[in-house]
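Letters A, B, C, D, E and F mark the chains as written, and numbering starts fresh at 1 in each.
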Amino acid sequence: MSKKVVTLGEIMLRLTTPDFKRFVQTDSFEVTYGGGEANVAAALCNYGLIGTFVSKVPNNPIGQSAINHLRRYGVDTQFVARGGDRLGIYFLETGASVRASQVVYDRAGSSISEMDTSEFDFDQIFEGAEWFHTTGVTPALSDKAAAFVEAALMAAKAKGITTSIDLNYRTKLWSKEKASEVLSHLCQYVDVCIGADPILGYIANETHHTKGELNLDGFKDMFHFMQQKCGFKFIASSLRESHSASDNSWSALVYDGNKFYHTKSTIYESLIG
Amino acid sequence: MSKKVVTLGEIMLRLTTPDFKRFVQTDSFEVTYGGGEANVAAALCNYGLIGTFVSKVPNNPIGQSAINHLRRYGVDTQFVARGGDRLGIYFLETGASVRASQVVYDRAGSSISEMDTSEFDFDQIFEGAEWFHTTGVTPALSDKAAAFVEAALMAAKAKGITTSIDLNYRTKLWSKEKASEVLSHLCQYVDVCIGADPILGYIANETHHTKGELNLDGFKDMFHFMQQKCGFKFIASSLRESHSASDNSWSALVYDGNKFYHTKSTIYESLIG
Amino acid sequence: MSKKVVTLGEIMLRLTTPDFKRFVQTDSFEVTYGGGEANVAAALCNYGLIGTFVSKVPNNPIGQSAINHLRRYGVDTQFVARGGDRLGIYFLETGASVRASQVVYDRAGSSISEMDTSEFDFDQIFEGAEWFHTTGVTPALSDKAAAFVEAALMAAKAKGITTSIDLNYRTKLWSKEKASEVLSHLCQYVDVCIGADPILGYIANETHHTKGELNLDGFKDMFHFMQQKCGFKFIASSLRESHSASDNSWSALVYDGNKFYHTKSTIYESLIG
Amino acid sequence: MSKKVVTLGEIMLRLTTPDFKRFVQTDSFEVTYGGGEANVAAALCNYGLIGTFVSKVPNNPIGQSAINHLRRYGVDTQFVARGGDRLGIYFLETGASVRASQVVYDRAGSSISEMDTSEFDFDQIFEGAEWFHTTGVTPALSDKAAAFVEAALMAAKAKGITTSIDLNYRTKLWSKEKASEVLSHLCQYVDVCIGADPILGYIANETHHTKGELNLDGFKDMFHFMQQKCGFKFIASSLRESHSASDNSWSALVYDGNKFYHTKSTIYESLIG
Amino acid sequence: MSKKVVTLGEIMLRLTTPDFKRFVQTDSFEVTYGGGEANVAAALCNYGLIGTFVSKVPNNPIGQSAINHLRRYGVDTQFVARGGDRLGIYFLETGASVRASQVVYDRAGSSISEMDTSEFDFDQIFEGAEWFHTTGVTPALSDKAAAFVEAALMAAKAKGITTSIDLNYRTKLWSKEKASEVLSHLCQYVDVCIGADPILGYIANETHHTKGELNLDGFKDMFHFMQQKCGFKFIASSLRESHSASDNSWSALVYDGNKFYHTKSTIYESLIG
Amino acid sequence: MSKKVVTLGEIMLRLTTPDFKRFVQTDSFEVTYGGGEANVAAALCNYGLIGTFVSKVPNNPIGQSAINHLRRYGVDTQFVARGGDRLGIYFLETGASVRASQVVYDRAGSSISEMDTSEFDFDQIFEGAEWFHTTGVTPALSDKAAAFVEAALMAAKAKGITTSIDLNYRTKLWSKEKASEVLSHLCQYVDVCIGADPILGYIANETHHTKGELNLDGFKDMFHFMQQKCGFKFIASSLRESHSASDNSWSALVYDGNKFYHTKSTIYESLIG
């Protein structure tokens, strides 16, 4: 029997200009539906696990299309509630050469931001699950959404399910102060924290500053602070070292509260600068 | 010197599925920007007039794309205000054979619905104009928008400019009662009324009912009622007579308060059923 | 709880030339995956039922794409076996004006035609099912496939599940003699027969022949023969009456062994001649 | 009030093969309309200036499309004359990997090359303008076109407007001798010269030759010669230093007749080799 | 051994707007290469004959693409000369509903219009040929082209090859007077004349005029006149009878100088109105 | 008179996902037809030679499309036999960034693998030819195909035509043992061997092993072995030296049985990683 992982968050409609066109030039958009939590569910299905995605979409063909998009990759969508006003949208203009990519968000008033915790039955949702994953984006959407994430984390913990959060602090969605307060509160229910972000209160030690190189000591210092503050079992993050506009090294750092594990770097050339 | 016509209303982003695809099937949307009032301005530019469009769009690349779209056809966009949250969107799935087209609106909270009349300088806008045109859709968006339309109509009338309105009652946007009240009030400033719609209070005379044929007497009766109630100089409407799913006859009826003019019908076959 | 319907058959890759192009002109193919039985499962999911599709596809990305295509519409694909050599393909050139559509089949050696009945656990497959549907295409693929269909029909009957078959005799796949023998044998397990086809042995009564009109008496005579021979509970068929190259009337005829039910005709204009 | 810049030159239809296809492979062309002077006008509109483009296009839908293309970006096209035979065309096959891009010109007999200076009212065109920009391509098209450029430069100078020219010597359009003579003559009306090109008569000093590196002294020597000969207020050029097929450094050199200004180099990786 | 047919004429680049877009809306053109004479050669290859096409195209990749396009359908292109300035172009905007299609020609100065008869070796070209076909469009391009067509017709006749011409009088290319004179002269070498066109001097008999119906007597009268004047062995034409914007009947009329043959009419619905 | 080169092998339908899409994501495939031997014929036509391609394709529109595809580039296809069941297919998913390309073959039972040598008249095929080229892929398809290649090589040798083979050992098509045996046998008829492959029996000398650099001595050793064993007049191969995922150096090594010729390396950056 495959392991079941539950993820919870927003799924949005992404509209991308084709062929590196600018917004003012395009006569069409490429359509996809996604979000951090939905993408994790789809990726896990690809690896043979059962990925269950929990969210809310409007009861119209755009909401249905988001659900069908996930179903295509085998995601279990039976716990996606239907209702509310709209699916959040973001527009993406892919950069090229010296022109950067740009994103326009149109996500206010989305169905997930106005859901009610009572619409979800956590006993059914978590039945047979071994892991629950969410991100710091959902609690930023609205107070209702933050309360919903907390209720889900509490229900998972009560059932002995491993919980994880990808911090992913979004400056456009809420203030640093509110994000710090809400995320610190939620992290008490979290076993595995993903993301190296000072949003939980870390203040960088001056001596760790180095320019143009990967500041590994700084990350270790931050992970130690985070673990001390919130009691995570594991903290993990990908680390990027930029060599040029299109060449980056990627590695991963994991901390189990005791020891640090740092993978070897690999250079990947991005397709566009 | 070309005649100048000012139109005022909302411009929206239209996202259409290509090749008769359903929403749940499509991987792309065709992009266009339009609305009744913007389309009138563009059509008049095609005929060699000066078409000035008044509206409000968000100060982001999607708003800019709407403006550039109109500029392409020569529309004067200098009085389109920038600001607010978002451009209204509607999704269109083109029907085929026995499947009807369907539209999903996502227009709440658009910039035009939250504009402020003080953002527009009617003296500049109407300078040199001979005609002002708007529709019954804009006042349906919000109370602010209705007040804005009224202010524009009053300013145009005060300058001796001919005014016209396309009634276009939208049941999804407001109740029949509110629409009737607001539109009847606005029509006191209107010279030319377009659209044969009972929303101004007309109650059909039973004896005019005929099935499967164009009820010309009914339309004449309605036009007479509308002219009596609001004092329009002209009332005009296109009339459609359906022969089958894809064959329609089109004609136009005009009333000058004195006499009726009915054009000859022409049959057009629609491209899709 | 939604009703569960199981369908069984082949799913193929369909490659269609775009924009009415001919095979020798096209530089691309539109891709879809389908088959009569798979399409029924997807359509039932659209209506809110549980559609379970049973088949076999190759254990490669093309087979996976066929599965994902069905998942998109909510079809339960857990009982699609993986293995064998290839997915059947058919190429479609859409006709236009006076040029007819043409189809090129490349389906020999497909995974479903070489499956083994032991790969499927009918107890699991039919658990909770109320209806089992298949067609006369699958038994035409190979002797193995015919044995598989018989085993499935027998298992369904043994569990008291309603069974249906769409006769769909394909002259390119097998001879009239073999089709008649195999289909007549399978029909002993069938409750509902779909399709007005003389393949079960019916010989038309000369007096029923009429030219250019729907020969309703002929169909009734055939249905009566079919019911007498195989003991179907219901026989049903859509009936087409051609008025011109692009105008057809469609109606449906149903026979319950006692009485005939004939729906009203509706004219649909096809998109292309 | 925004500054007004007038540019004058040819606008052509560019037909590009998509997806790196070769001319003999493509079944479609991507369409755009442009030219050095038109592009400058569009770019200045992007920066908030008023860009007025002066040209001549045929009085047919292709000419209209060129105008609408510029309007989209806000360019003032009221002084584009209509008439003549055709819009110049060039075909572009985008190279890939070891295959170079190639261009096929089909520009003979274009409307701009056969215009008449009397079609343009320079008093209206330059009203309120602060800058006039043109290039060395337009005078190469025909004697009429060269006379037109001279008339425009003289009119601009007479009104105290700053004038600029991008030399851009095209060997396919005229001989070195004729180009040198005509451009040298036109440059007497030019304040700002763009382009480091020996076409004005500069003969390189042997001692400045260096291989594989940016020969900055050579450029300075040429700029000094050009300033002495024609009395430019400013001379400017972009300088490219090639590191490999796809890596180039770009910098700019400006000379005010007194001092040289050289910007820092930036390396850009081109999208294709 | 297959029969060999030689055709001679211009091949042009056709640029079509996709998806019923207008010229001012399109961002791409569909590309094809053709012309009446080239299309006949390709169609004959489809039927298994040897189709040899004689023409001249520029010695650049656009000319090569025209050749490769014909080769794709098996046309023998060894006698297409290379040289001259350009390939003729025409732009096509496909109409839709009440909007008519429109064509913009840009064909002046094409390679074929400036060829020299000495570039073609008729002994080689006609070796083994049984039929030579051309049209009345080529002699309209230039005096050189008319002389070339005459030389080809004379060479074919001298070798006993059957000759045919499709009159196809184009008002945009030459005057009625010149067309009448040149075509009448060329027709002395023609065995089979295609097209019912008064350009050879026919003046309609008033009594044959009928409105809204196929005037078969009028066509017979014209064919008789044409046969008398030029001595054709056969005259043939397709005849169209319009029932509505999108329904046409097509038939063919043939005259062998003795008897008329009129095929049965068939109604075809055009794809667009 | 151009030199004539005959090539013999399989031509397949290649279906490629567009825009770096994965198989499970794509709604379309780009279509092309090719194979090593067909591509050589097309490339030689580009250089002005006569390229004659010998193969067998099914007698259906897909086979015809393969032939027309080659004709487009001027390939002589008169000796492509028609018949058999199907054209071999392969599906290509183009990789991007860290995701590798993948290929799915569906080539079993192709027409060429089931052809009969008697279908081909080598006297006609080789008339006037100077070179015959084939590859090690065709004999791997079936015993019939291997016998066919041998017959063709023998016929060419008997006529004094230079013969070449590109070894191209495919592990998916046959075992190392069978490939070694069959290819060694065929090589007795071969003048020019292309490819540095140990399949002819070469066992690498340990001392030649070097890591991360081009092992030129190893290749020379292998070429010497191959020449000794089979008596080739020339052995040639391209050599790739990988610097990173997207940077490769390419050079060529040729051995005439006496001396080695090694071209200078050139670095090419691949478009995708």
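Here are a few things to note about the model shown:
Here is the rule we use: contacts are C-beta pairs under 8 Å (C-beta built on N, C-alpha and C of every residue); 3 or more make two chains touch, one makes a residue touch a chain.
Everything numeric in this text was worked out from a predicted model, so none of it was measured.
With centres defined by CA atoms alone, the chain at the far end from chain E is A. Seen from the C-alpha centroid of chain C, the farthest chain centroid is that of D. Same-residue interface: chain C and chain F share over half of the residue numbers found at their contact.
With centres taken as mean Cα positions, chain B sits 42 Å from chain A.
The centroid of the Cα atoms in chain B and the matching centroid in chain E are 48 Å apart. Counting partner chains per residue, chain D shows two or more touched chains at residues 18, 24, 27, 68, 72-73.
In the complex of the two chains, the chain A residues touching chain B come out as 15, 18, 22-24, 26-32, 60-62, 64-65, 68, 85-87, 89, 91, 93, 102, 104, 106, 108-109.
Those residues of chain A whose C-beta lies close enough to touch chain C in the complex are 68-69, 71-74.
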